[in-house]
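Look for chain A in each of the two complexes below; its partner is chain B in the first and chain C in the second.
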Partner chain A sequence: MSDFDIGKPVRKVDNDIKLSGQAKYIADFHIDGMLYARTVRADCPRGIIKRIDIPVLPEGYFSVTADDIPGKNIIKFLADDWPFLAKDRVNYFGEAILLIVGPDRAKLLELAGRVYIEYEMIPAILTIKDALSNNFTPIFGSDNKFASYNYEKGDVDRGFSAAFKVVREKYSTGYQKQAYLENQGMIAVPENDGKISVYGSMQCPYYVKNALVQALAVGEEKVRIVQAFTGGGFGGKEDYPSLLAGHAAFAALKTRRPVAVLYEREEDTAYTPRRHPAEVTLETALDREGRILGMKADIKLNGGAYAGISEVVLQRSIYNICGVYNIENLRVTGAAVATNTVPNGAFRGFGAPQVIFAIEMHMESLAKIFSYDVLDYKKRHMAKQGDRTATNGLFYDEIKLPEMIEKAQEVSFYTSKRAAYQADPELHKGIGISLFLHGCGFTGSGERDIIKAQLKLRRKKDSKRVEIFAANVDMGQGLQTTFRKIAASVLDISVADVIFAYPDTDRVPDSGPTVASRSIMIVGRLLQKAAERLKKRWQENNDIEIIQDYEAPERIKWKGGESSGDAYPAYSWGVNVVEVEIDPLTCETSVTGAWSVFDIGQPIDEMIVEGQIQGGMFQGLGYAAMEVMANDENGRSRQNNLTNYTIPTAMDFAPIENHLMKTYYEDGPFGAKGAGELTLLGAAPAYASAVAQAMNIHIAKLPVTPEYIMREASENE
Partner chain B sequence: MSEIKFLLNGGNISVNIDPTMRLLDVLRDILGLTGPKEGCGEGECGACSVLVDHKLVNSCIMPAGNVAGHEVLTIEGFSGEMRYKKLADAFAGAGAVQCGFCTPGMILAAEALLNKVPHPDESQIRRAISGNLCRCTGYNMIVQAIRTAAREGAGLW
Partner chain C sequence: MVESFFPDNLEKALELRQKKEIRPIAGGTDLMVRWRRPAGILPAFSGDMLFTKNIAEMNILQKKDTCLYIGANTTLAQLIEWKWTPRLLRLALLEMAAPAVRNVGTIAGNICNASPAGDTLPPLYALDAVVCLQGAAGIRELPVSSFITGPGRTVLKRDELLIGIKLFFPAPDNDMVFYKKVAVRRAAAIAKVSLAMRGSKKNGYVKTIAVAIGAVGPTVVRLPEIERLAEGKTVLNAELLKTIYGEYDKFIQPIDDVRSTADYRRQTARNLLHHVYDNCIKWN
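Up next, the complex of A and B:
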């Protein structure tokens, strides 16, 4: 393998079917006799349902309510609180109450508009502050928190008692919508034997399957889930597809016809999960020279109306709060709180972008207080190999941040530009740098104790072709190609001789969800091991089937109850530089340059990784600069389409120049670590730092809109 | 209802429809062409792009009656052309395809541009695809692909 470089790009296997418009996304499916379902939603944020009047429906039209659900009316997540269809009460504006089902979509819209629902209103909790105020009846539990955590490392009180100075700051971040170009959609088809097949746009076929087994109260063999071409996910199709699949299945069972639930952009934008808004408080004890003696961090996430996966998002927030810095004395508290708003969920980064923004801006503040150069100050506190992580685990592997920073400085001219812009404030130019990491794979012992991934590899007798059986999906990130490359490289066969069909739960084992930057590092490693085993048996002349089960790397030690140990098996690293120029009159900001250096181990395909970086950083810049989403007085999103929720176009930001610092991770396939989420994390703090320099302001909030810049700048005058 | 006749992907077509029906629905639901996608339904995202008389149009906000007597080209028709082959190879070579949902629209936006401006500079390319949203790629690899197609496709446009 000495000269072999798996990173060398190949033509992606699905380019041609996508380019020519032949790829079938779920809305492109045509099934004879198919009906459509329209969701009737709550039009108040919190209340008891007193009455539901459904108009007399024409022949061929049906209504589906909570009473039509054969099994448990709860979507299977961590807590049993989120119903597929509200029955007695509603907890957010837009919550699904019933479905109107029939053949004509225009007619459905009209019929759904004539459903009348009467509520007894309950005062709604709309903000994190309300959620913790004790002035309202809790939505969840007795303290209105879906989860709360605290953990400690070192001796925080001693650190603070020795402090020369204590600095306390608050940071807040807003919603962000995944805004995949293809809206959510599912089609359920009733089969002859009481079985139901569901096709759709999704990241986690087995999450959907498990949700339906519970909701339909049937055996596992009665539910089949098949992924269709998926037009982007970014986390948004991790949790919520289970709800759509349930709706489609209930309607299909009731009508005995195939039923499609296809969201339009308005529904998808306004009523499906987004990134959690966060409030982060950082309090740091410093000695006379500005060295950090201790830090207290508090993180609050707005979870929305139901628990969903907020607890896991919160874990990533609290365990990543130190960013790349070695904080020896640390106390962290965190809570995900309940509000009467759309339940929030997964979005690329999963709780980390919020805290990486906060810690990076806080480090900048500390440097400024002591009149240090920001980058020098950050470098002095950076973790090194062998240092302890926030949760007292170990940074086992090499950390190449110093070389990565050097590279970023070299390609961006960060140092000279930073000095030049500082010297001449009239230029209104700024350049910022961010340092960050991302824990790859599931938090804690999730892979070992919960997911237990399994993958299958098969070669049939007299065939030179090999088939991969895995539940991980391609949603645009290139897994169809990278998985084939891994198998082909090990077996020394052509990529064209590897078969990897879109997952169908009747055919593939549960290799786990397509989330948490785990597909390559965890499942790709299973694939590599399976292929190595198959290679040893290659000369056998019969059907060969290899089953590969996940085994946790031995070095990983984690005590979940105490939040102590190795929260992640490995870390990927990043350095971003963003340069801006601001019109001082309108405070409109132009991104004039962006650079990155990433350590993701070994790229399985350099061009696919480049695509992840380009797209991830663009989403990060959108999060930083332009993607505004806010609720009205009913907790209803003010943004409900791509006109008022603006995502970046081809004209919004300068091209991004990227470099990889290649390392080798021994437990990843060919040395690969996670990549997908990392790429989003650094853009916002680098952008905010650049804007702060250009306008000589402090930035404590995302998104950094022109209005916000103007307000901060005028307060400075 | 009225009879609307137009040229679709090189062939004559006649449909009997309400002329205010969206062109996108006529293409997808009546004619079975699913290359044009619905991403937003209000002319913002460009996933439904088609060419009408070689001009880029959002078919989700165009009444089908408007194309009577005109020429409509969807990705299904364009994918038989040499110019498509050149663009497709350039997109593949630049890594410009991720989830693929915006891709047919992007290809048609590039075709519309190159038809008018065979050798565009970067800012012309960016403007030409600014009505086509992509959430996966950050656009830069798409811009590179269109530059490459323009350079290597000399004489095709």
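Up next, the complex of A and C:
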């Protein structure tokens, strides 16, 4: 096994079925007698529902309202506030109020258009500022915050009292929509025995199941969730599918027919969760030499109308606020606030892209104030093995950032270009570098205390084939291939001899959601352990079933109430370099080069990791440069399709050159750590730094559009 | 009930136009999108549709002496390939939409859609394109700038069809050409601002200049009288330039919308205009 490298790419197992068009996504399902549901939505941002007039429905058509929900009309998240269907009041434009269900979709469109809803309007809270102004009736609780945190490390006051200089800056970031290729969709099928089966596009089959058990008020055995081929998720199919599955299930139970809820691009773009906009304030105390004595950070996230999973997103924001830097005296406050806008949710990076942008730009500002080279200044403050994390946890593994930076400099010629572009502003060229990390897996003790993942492996008697039973999904990221590879490699069998069906909650144990860059590192590790146990029993001549439960590494110490300890079991690392040239006439940016070096431990498949990197960095550059999403005066998104919500195309940025710094993580399979989210985090600050250099401006917000660059540049003149 | 018609010659097509309210459709890349409805539901066309694809007279693409005749069914992709397509127009076509749209979308459709941000319009205005309209009363030919009267509005009569476009070739010149489309991304994007310029010189002085600016007003902005101020000159003094820019400023009246801001469009259009007068036209 000495020269065996699991990273060597294999052909993705689903290439053929996807490329040939044979893969059945949820909209491709045709079930006899199936009806469609059309959602009737609030057309005001905040109000009391005074009256609902539903037109007389023809035979075979039904309406489904909050009154048709057998159990609790609340989607099961952390807080009990988000109804499946609004009953008495609405809290955002587009909130689902009822469904019109029937066989003909054109007829549904017409009938839905004739539903009349009368509201008593309530002044709507549309911005973070409004949310905290005390001028409005709170949407949530008494302070209008879904969650608020504060924690401190070291002695911040002492740091500030000794300061030679204090620098305070504000950064803000915008929405980002996941813009997966396949829109959200679910089909619920009522079974004979009162059971319901739901098929759909999703990341977390057990989240959906748990939500339905509560909403239908039935036993767990009465709900079955099956993942269909899923055309991208990026976090967008972590939370919302629970709501959609509820709608489909309520309608199926009422009509006794299979019911499909399939979103259009417009509906999906405008009314499903997106990345939280953030406002980050950083205040740093420095000594005469520019050394950081202490930092105060405040983070506010716009959570939208309902709590959803905003609290967990906020945790990742506040625990990653230091980026890769060792800040000994730190005070952090954070809040996720309620506004009358679409509830925000999970998106690749999950609260980290916002703060990584802020801390990277802030470090650059500090370097400039003291006339230091930006990269030198950052390197001086970088954390190293044995240092303490923001939450006073331990950086347990070696941090290879110095070697990674060197590699990035070598392949991008960062240093010489940075100097050359600085020397000649007329070139309007810039090059920026970002350093970042990603805490892999769930924040805090979530894996141990909440998820408690379990995985099953089975070999039947007289079979050489092995089946993986896990709830983690392939949504395009390659898990169908990488999981098979892990099992095959341990057992020394062919990838083709490993079965890994799309998750069906009647068959697979709850190995947790497909989120937080955890599938390979956490569940893949369970798979490796299970396979090792199976291997020892390989010669037995009977059915073998291995159940593998998650065990937290003993070194992990976390006190959630105090935000203290190891917020993550491991960290992945990244260095990005982005080079730009700006047309001074139009302030349009050309990304002329992009380079990356990542430490994700051992890649399970280098080609799949390459796919994650290319996609993640493009998504990050889109976030940085062009993806504008803004609300109108009703809190409704002005962007609702892929013409006006502009994600990048393959033509928009230079090809990305990637390098991997291979390390070995002892608690990951074959040494692997998380990769999926990390790849998005560094593009925005590297891009912003490059643009700032090219135009000699300060960049304090995302996205950095030509409109923004032109305004800043003209103010500079 | 909406009916579709597929006449195979112009006579039949014009007869239909005369008889009933019927809307011409060529590639459908605008109309199908405008009237599309959710998956599984037919597009909601408000009336009968006349599909022009089979009309032989509208499929002509030819160069005759100094005139290029582009039949209305000519696709954008065909024009990119055609060797006589003026360079200025090709520059715009190459940046337009995406290959799938270019393979079915037509230049005539882009004209009739009459969007202030229509990608072929600034080059067509700058090239003095003429549209050929045929109706019961016969053929009439109009400069594209007179044909389009506002966003989505043209002077096409109820019984007429736009059957083709005429361009003059050799376009009085192709000496100096500049085209810039400003959009949020490099493909599949609608212009925030665009500018097309062509000019010619003779014996060191400027003989002709044509500048057309898109997406800064209800129609493409072209100011022939102002262009004439520069013609016959070997150099433009600062005062004359100021006059020229001042005149353009009166017509550069963009709006805020989902794609950009009025401020950005105004400034960018000015910058491009100044660039064209300062740098692209090679004054002696």
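Here, the second predicted complex is superposed on the first by the 717 of 717 C-alpha atoms of A that agree within 3 Å, B and C clash if a C-alpha of one lies under 4 Å from a C-alpha of the other, contacts with A are read in each partner's own complex, and residues count from 1 in each chain.
We take it that a contact is a pair of C-beta atoms (placed from the backbone, for glycine too) under 8 Å apart; a residue touches a chain by one contact, two chains touch by 3 or more.
On a predicted model such as this, the values are computed, not experimentally measured, just so you know.
**Student:** Please work out whether A:A23 is in contact with chain B alone, chain C alone, both, or neither, and reply first, second, both or neither.
**Tutor:** The first partner, chain B, only.
**Student:** Please work out whether A:P509 is in contact with chain B alone, chain C alone, both, or neither, and reply first, second, both or neither.
**Tutor:** Touch partners of A:P509: none, neither chain B nor chain C.
**Student:** Comparing chain B against chain C, which has contacts with more of the residues in chain A?
**Tutor:** Answer, by number of touched residues of chain A: B.
**Student:** Considering only the touch criterion stated at the top, classify A:P55 as touching first (chain B), second (chain C), both, or neither.
**Tutor:** After superposing on A, A:P55 lies clear of both chain B and chain C.
**Student:** Could you tell me if A:T586 is touching chain B, chain C, both of them or neither one (first, second, both, neither)?
**Tutor:** second
**Student:** Can A:M710 be said to touch chain B (first), chain C (second), both, or neither?
**Tutor:** second
**Student:** Using the superposition on chain A described above, determine whether A:L109 touches chain B (first), chain C (second), both, or neither.
**Tutor:** second
**Student:** Quick one: is A:P553 in contact with chain B, with chain C, with both, or with neither? Answer first, second, both or neither.
**Tutor:** Touch status of A:P553: no partner.
**Student:** One more residue to check, A:M651. First (chain B), second (chain C), both or neither?
**Tutor:** Both partners, chain B and chain C.
**Student:** Take the contacts of chain A with chain B and those with chain C, and give the residues found in both.
**Tutor:** Dual-contact residues (chain A): 27, 264, 643, 648-649, 651.
**Student:** Taking the complex as given, what residues does chain B use to touch chain A?
**Tutor:** Within the complex, chain B contacts chain A at residues 28, 32, 34-42, 44-45, 47, 74-76, 79, 84, 87-88, 91-93, 95, 97-104, 107, 125-127, 129-143.
**Student:** Flag every residue of chain C that touches chain A in the complex, lowest number first.
**Tutor:** Going through chain C, the ones touching chain A are 37-42, 180, 182, 184-190, 193, 258-261, 263-264, 267-268, 271-272, 275.
**Student:** Give every residue of chain A touching chain C within the complex, in rising order.
**Tutor:** Within the complex, chain A touches chain C at residues 27, 36, 105-106, 109, 262, 264, 584-588, 626, 628, 638-639, 643-644, 646, 648-649, 651-652, 705-707, 710-711, 714.
**Student:** Would you pull the chain A residues touching chain B in the complex into a rising list?
**Tutor:** My answer: residues 9, 11-12, 14-25, 27-28, 30, 178-183, 229-232, 234, 264-265, 475-478, 607-608, 610-611, 614-619, 641-643, 647-651, 653, 655-656.
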